[in-house]
Amino acid sequence: MQFFQDHILSVILFTPTVGAILMLFIRGDRENVHRWMGNLFGMLGFLVSLPLVIRLGENWNTFNPALADFQFVEDVEWIPSIGARYALGVDGISLLLVLLTTLLGAIAILSSWSAITKRVKEYYILMLLLQTGMLGVFLALDFFLFYVFWEVMLVPMYFLIGVWGSDRRLYAAIKFFLYTLAGSVLMLLAILGMYFTYAQQTGVYTFDIRTLLEAVPGFSPTLQQWLFWGLFFAFAIKVPMFPFHTWLPDAHTEAPTAGSVILAGVLLKMGTYGFLRFSVPMLPDAVKEYSQIMVWVSIVAIIYGALVCMMQKDMKKLIAYSSVSHLGFCTLGIFALTPHGLSGSLLQQINHGLSTGALFLIVGVLYERRHTRMIADFGGLSTPMPGFAAIYLIVSLASLGMPLLNGFIGEFTILRGVFEVNKHWAAWGVVGIVLGAAYLLWLYQRVMFGSVTREENQHLPDLNLREYATLVPLVVLCFWIGIYPKPFFEIIDPPMHRIVNRVNPGYYLVDPVKPLPAPSTETGITSATPGSVEVPPQEQR
Amino acid sequence: MTTPLPYFLDSIWLIPLFPLGTAALMLFFGRRLPNSAVSMLCVGSVLVSFVYSVGAFLQLRAWPFAALGYWPEKVLFDWVSLGAYHTDTRQLAQFTAEWGFLLDPLSAVMILVVTGVGLLIHIYSIGYMGHEGGYYRFFGYMNLFMFSMLTLVLANNLLLMFVGWEGVGLCSYLLIGFYFLRKSASDAGKKAFIVNRVGDAGFLLGIFLTAATLGTIKFAELGPAIQQMGLSVGAPALTAIGLLLFVGATGKSAQLPLYTWLPDAMEGPTPVSALIHAATMVTAGVYMVTRTNAIYQMAPEALAVVAIVGALTAFYAATMGLVQNDIKRVLAYSTISQLGYMFLACGVGAYIAGIFHLMTHAFFKALLFLAAGSVIHALSGEQDMQKMGALWNRVPVTARTMFVAALAIAGIPPLAGFFSKDEILWKTWSSGGIGQILWLLGAVTALLTAFYMFRLINLTFFGQSRVPKEVDHHVHESPAVMTAPLVVLAVLSVVGGWVGIPAALGGSNHFEHWLEPVISQPAGVARAVALADEAHHDPAEYVLMVVSVLLALLGIGLARYIYIRREGLADQLAARWCGLHRLLFRKYYVDELYDALFVNRAKDLGTTLAAFDRHVIDGWGVDGSAWFTRFTSRVSIWWDTWIVDGLVNLTAWVVGVFSYPFRWLQTGRVQNYALVFALGVLILLAYYLRGIL
Amino acid sequence: MPTLFPNPEELALILPQIWLAVFGLAILLLDFLLGPRQKWVNAFGALLGVLASGVALWRLRGVHAVGVPGFGGAIVVDPFFVFFGFLFLASTALVILLSVHYLEVEEEHRGEYYALMLFATVGMMFLAAGTDLVVIFVALETMAASFYVLTGYLRRDKRSNEAALKYLLLGAFSSGLLAYGFSVLYGMAGSTRLTEIGYAFRTPSNEIFPVVALVAVAAGLFFKVAAVPFHQWAPDVYEGAPTPVTAYVSVASKAASFAVLMRLFLVVFEPMRANWELLLGGIALATMTWGNLAALTQTNVKRLLAYSSIAHVGYILLGLVAGNETGLKGMAFYLFAYAFMNTGAFAIVILLRRKGVIGDELDDMNGLIYRNPTAAVLMVIFLISLAGIPPTAGFLGKYFIFLSLIESQHYLLAVFAVLYIVPAVYYYFRIVVHMWLREATDAARPVISPAQAVALAVCTLVTLGALLYAEPFVRLATYSLLGSVVR
Amino acid sequence: MVEQFTFYFFAALAVISAVLVITVRNAVYSAVFLITTLLATAGIFLQLRAEFLFVVQIILYVGGIMVLFVFVVMLVDLDIALRQVQFNRQKWVALLVVLAVAGQLVFALALGSEALGLPAAAPESLEPNTESLGLRLFESYMLPFEIASILLLVAMIGAVLLGKRQKPPRSEP
Amino acid sequence: MIPTSHYLYLALALFTIGVLGVLTRRNVIIILMSIELILNAVNINLVAFARHFGSVDGQIFAIFVVTAAAAEAAIGLGIIIAFFRNRETVLADEMDMLKW
């Protein structure tokens, strides 16, 4: 138990790898064994990540949002001669993303049960390795380690798209790979630049993110700008921000369902995670200087993505472009550089993971039944598939930002933050919301409403238990975040406030006319207990 | 600071929850329930809500507001609590939106109307929807709607109101598209939702601006915050908030220019039209403007816009109502028109009159729709008035109750509509400024209203029967479960106005006194209300009353003359002014205009951008020389075949372009290599000798 | 009074080479005694020789930083030499393991092959140790001559003939140029010892002879490492040579040439750094460009790997351009990593060789994942490493190079260098595509022989281990720099 | 004077025969002219007081290597070779490039030799040098000497291995 | 007394001719001869410098160059014979199986 407490992050990180290695030794033709093993370890990966937030016993320490530091830190030497360490840790920024990754990983694996019929063994092994890669990116506290995971992850994803994708999979896979690689190699240069400059200043060679987070803002402005652009390309391509998004529709469209879920749910978050973790806090001056450009690029992405969505004939492509639009909100929030913008952006990343992940699962459900993703091939599915219709509707609404569902909270918070900086930006963002409603509902309508136009669709089976099992958790989470997002904000807010303090040091000190109430840490009913009224200030009559 | 709340006031949060519970039940398990259980559960839950509303209302009457200075509020928990931010005045504020429910006289009136009318419509639906497929789904949506509407009404802050706001929009979308097998129905649903989203965008920005300006979005704190921030009357920020919120209201309440979705929304089942598109949801805008009157009172320009838009909409929609043949569409335009009245009232500062009209309108318009539904039901789904007529005795209860409703809406005393409409017209007249012009518009609208309502009555119930043969022998009165609500509503249409009989007619205007505490009256803006009070015995009030009654009678008479006495005159008139007729009939071509302006342009833009993506970004930015390719026709043929075949991917081609020159140098001839070698030496030497020379 | 015969201490310095030579001769004799089925004993003997040499070399590991000069300064035994010596021995051993089965398939299994490999290793080791122009020249010729013969070893194979002839003609041509450069060096210093020449360079009597010498010598060495524009032999030779020889040429010969290149540039030409830094940068850039771009459309795996190896040369040269400690460490580490990952990649190509199938076309790779999953997976690891993607040794090698460029402020070169990873991934993954994503066109299932398994295991372990457990490997690279080559 | 005459005679002979080596059509003539060049070079070696090298040049080069050449020239089909075009298609470009390089080198030598500055050592200091050469060879250059033995061994193996008539293959590779 | 530079020019001339031979002659054997010319030129250089410095090192170097030349010639001719047996040609530009 104590071991688990001390090394929980390593356990989380390597549980999937252990599964993958075990599966290596099982013969490839025993497909069901692999399916069970894959699901077992996917689920296990999720379960071992839960103790981060759920107490296991008397002496168990869960994540404490009140602490400013990284938690559950593991830090041992790895390559001492270059100063690289095996350092893991989570804070409010990464915790939710880690949980999202483990959850979506498990769900994605579960969703592949019947969809994957060829090369089952390799599939599950790669899924599990991918899982480790993604978790490593979020957990690493050492730049070297971070970069290793950042790139490691590309390889399994390449194979997932390339082997199990649809018609143009080769093109999509290599495009994905090369595109993201091009960005990340530039990031490598930026990382090396930081590493070297820090060593020049202090004589200490280290990749430690915590150290560099403190040191890099002290570098010369010119260098900071170069570092910003170096990091920018890696993250912007991953997000993807506007001019770098063209890999995304191809990759999402061609990937197998689980691959799309992971791509949309987790991989894209790495870009925004990078901005939040590195670009903004490390290079506050450069970020401030370029925030205008970034904001406009984000706005273009929001609107552009939404407009392009309208014209898509392929469901997956539509959803892929919707990701461009939604991630535009995330970057918009980040580069507004206000607490709300940042918090909302992080929450919206989680939201997007849940709702777009679910949308891809939904397309996967249809694809598995009909082997087509063309919108025109469907229509009127509400009749044969009522359960599916209900879930799909909820997920669509979550994605388009319906209140009570998660998307609304995220978009609202982002726009609130953006509004504070510039009202026009927020107005453009709102335009994106309107368009979002248009394309998602139109899609829903074309697929689900009307009479069944095709004979094949007449008797499509409704969701089975396994498919419910993949979708319902996501739907529940959508509602949870939509109705009671406070626990999430409690985790997200403190690190975001620290970021704002770095970028905009005077932010919380300006004219404190209204004293801020102490942030409440308890959950549940706070400001009013049942049976009491809160007294508003005396109203002037 | 806290006083224990009496039971019903403490339980107001349950009022929306009852319908939500049954809605969830219906949507997830309804398919397995028999229809009777569905009816019991759904109607029952609304009944419980209604009972709780009445209980809360009664206990609210006993609420010692004067002593306490605040209204009962029930906060469940923090919902969106985002921490600090800067307001426009660079002060730090805490953004908090709670799951909090506020019951004050205004919301008390609203929940009574919503649950009351809703209950009646639910009962009616048992009969009306009894034979439709998806019965459970219908009731699930209806109860979801009830939940949303009640949340909207009871919310204690703008954001939670927005939840209800979006929720009703969604339910509206779902219910309009209920007959989802019909493409027109699902199109209409989508249109409603998207047009509403446009409005919602304004609402959302309004919320942001409120928070940014005032540092709070709680209704109860708006007024004090304005004071505290030292904002004066007509402050630009407040005007902006007012306008933005009003954009939201125009969407939801189908005002110019966002009204186009409402007539199309008639694709939904008739009870839906009654509940959502007449009695409750569409009035949300009026409610919201009244709810935030603390802001509007300080923003006279915004208020003026509200008034003007309201008056124009009232008139404009009435003109379109004149020529429609679909019975429900006439009612839809009528609704828009009446909503215009309500906004007109709000716009001149007579919020209470607006809410009053909202209430009475809920009664008689719900009745009109339900009765229309009953007629349609009787005629096996026929909605075209050209194919009705002479039904007066064949559907007696329906016809008589509808007649009452028509009188009410036309403003014939002492029916409900008379009092509320008259109140509005009088307040408009007396508000000064452009008030009298607006009054004129309102008065003409009253004439038109009376005319088209009785056109409807006449075409439907009187004159020659134009009912087709095969339908004719099926005509029957609706069952009691449908007619009973009609009767109840008819009674309400008659007596509903009596709670607000103005002092001028010897009444005590209970309604106004009840609502007065929620209307904020800052010193400078109290003009309209003060004026109204001063003019207590203004003889003009009586003159106007008479004028409006006369106009109503004129309208009724004209309708009778044209459609009963001189059959065929209508067509002659239509032929005489065919341009005007067509313009009206085609609803001023606004739908076409919007399609051309926005919808198609957005689609075009989408196509263009997609093409841009394909060709320019992929082809130019990423894949380098593809740009060149596009301009050389010969190669572009290749290009197309490659794309079409999907065999050769572009990247490979481009890298090939770079790759082949290097490959061609690799001739395989050893002496070529040696020559390149020598060339290398030559270059190396040249590089150095250049430096030495 | 100098003695005509070396004392035992001096002999100990060249004991590794002596063992190799002795075993080489022994194999030549032994070969006569062996029947056609027993030829593997030759390989075993060669391995023993490598082992013996390795042991002898191991005992030299303690040499201090400036090294122990031997034979009147003709050679020096320093950590630099020890490092490269081990590298040569390791790659020789790997290639021997890979050769056994291959030669049996080719029906050319003879002792000369292994003897030549050992002699080539002797040449390479003297090359790394040499501090005298004559030693360097003769050692280079020994190595080269062995490779000419090995390349043409398959006498009946037209491609092998052609490759050998091309290699020889161009190699001799470049040797001529190199010798010309050496003669000018001698003419400058009046001595053949590198240290003396180094002095002459520090106090040049004129500025033109150094330039001529530099150009001639550099061109000769660039030819050996296959840098643009002196690289064109490489693809043809790599394609035509027997695959184990290709692996050997691409790994060992390259490492040896780099060893001498580093020694010459850092000991002799260092004073002229300002003169050649930019030039070397340009050549490195051109090399990366040409190698990467030409590799993009290759259809023959060996040829593709040949072009890719040219690209790798560009990367390694960049370390020399940076010239700082990181850069040199990077070169050493890169060469080390390259030896294992590249040998691994060629090992997979060797696996595919069987009767009637040469197995070096991309299409021969089709569906390898079905036919031999282990091979396909390992190939992916090697290719990833070659491309420089973690978690592999290749990444760490590139890491050092990039870091050194940043440290020495060659930012533009750094950007180009990192971006060239992208096309590299593209062409390496073409192989992956054929292995993983194409349906098998060939039903045969390649079998991994025990010897190949050992070689593959070693390659894999080092390729992965050099990043995952990098510390000892980085130390090794650091150790190599203790030698006299570093300022 | 004699010395200068000797030098220029041998130099001219060497250059002219060298040009003939690469221009004559018949490979046998080429070989003969190469021998002439090598002999002329030997003469220059003698003139440079490198007696041992003079001997090596004649015995090893002319006597050994050139015999090999002639032998091979005879072995490959002579008649066909004679009728073929002797120069490849890049000859003019090659000529241009080579002349350019040569020009650069001449330029470099012209600049460099002036700066070389050292007066030529007296010829007597080198005489007789075979003994000193031998001592030096086994004193300082013993190691390359040993390596050269391996080189020659490799060459021997190689020549035997490659030149040997091959067995007919047992099966198609 | 002949200046050292004259020997260098002579060597350069032979070197140039040798390179030209390598670059232009089609017959592989003649190419190999041209390479011998190049190495011969190097030897002249070395011996000239040896006299220049009054040391025998250059001459010793020259001996090794001759050795290397001999080795290359032997191997080269061996390869040519093997090549000729397979391909029935000794022309350099017909040697283009391996390209691109």
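Order of writing sets the labels: A, B, C, D and E. Residues in every chain begin at 1.
Just so we're on the same page, a residue touches a chain if its C-beta (ideal position, glycine included) is under 8 Å from a C-beta of that chain, and two chains touch if they have at least 3 such contacts.
Just so we're clear, the structure is a prediction, and the values are computed from it rather than from any experiment.
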> From chain A, how many touching-chain steps at minimum until you land on chain D?
Replying inline: 2
> Across the interfaces A-B and B-C, which one involves more C-beta pairs in contact?
Replying inline: A-B
> Which chain lies at the heart of the structure, taking centres as C-alpha averages?
Replying inline: A
>> What's the farthest chain from chain A if centres are computed as the mean of the Cα atoms?
In response: D
>> Farthest chain from chain C, going by mean C-alpha coordinates, please.
In response: B
> If you average the CA atoms of chain C and of chain D, how many Å lie between those two points?
Replying inline: 30
> If you average the CA atoms of chain D and of chain E, how far apart do the two points sit, in angstrom?
Replying inline: 5
> How many Å are there between the centre of chain B and the centre of chain E, using C-alpha atoms for each centre?
Replying inline: 95
> Hey, how far is the Cα centre of chain C from the one of chain E, in Å?
Replying inline: 26
> chain C: which residues touch two or more other chains?
Replying inline: 134, 137-138, 141, 145, 148-149, 152, 155-156, 164-166, 169, 173, 177, 187, 208, 211-212, 235-236, 426
> Do you know which chain D residues sit against two or more other chains?
Replying inline: 88, 90, 94, 97-98, 101, 105, 108-109, 111, 116, 140-141, 144, 148, 151, 154-155, 158, 161-162, 166
> So which stretches of chain E touch two or more other chains?
Replying inline: 8, 18-19, 22-24, 31-32, 52-53, 57, 60, 64, 67-68, 71-72, 75, 78-80, 82, 85, 92-93, 95, 97-100
> When you check every pair of chains, which ones turn out to touch?
Replying inline: A-B, A-C, B-C, B-D, B-E, C-D, C-E, D-E
> Okay, in this complex, where on chain C does chain B touch?
Replying inline: 165-166, 169-170, 173-174, 177, 207-208, 211-212, 214-216, 218-219, 222-223, 228-230, 232-233, 235-236, 275, 279, 290, 293-297, 423, 426
> Residues of chain C touching chain A in their complex?
Replying inline: 369, 373, 380, 384, 389-391, 395, 399, 402-403, 406-407, 414-415, 418-419, 421-422, 425-426, 429, 433, 436-437, 467, 470-471, 474-475, 478
> Which bits of chain E are touching chain D when the two form their complex?
Replying inline: 1-10, 12-14, 16-21, 23-27, 29-30, 32-34, 36-37, 40, 43-44, 47-48, 50-54, 56-57, 59-60, 62-64, 66-75, 77-82, 84-85, 88, 90-93
> Quick one: in the complex, what on chain A touches chain B?
Replying inline: 167-168, 170-171, 174-175, 178-179, 243, 246, 249, 304, 307-312, 338-340, 343-344, 380, 382-383, 386, 390, 397, 402-404, 408-409, 412-413, 415-417, 419-420, 423, 426-427, 430-431, 433-435, 437-438, 441-442, 445, 448-451, 483-486, 489, 493, 497, 507-508, 510-514, 516-517, 519, 524-528, 530-541
> chain B touches which residues of chain E in the complex?
Replying inline: 19, 22-24, 31, 92-93, 95-100
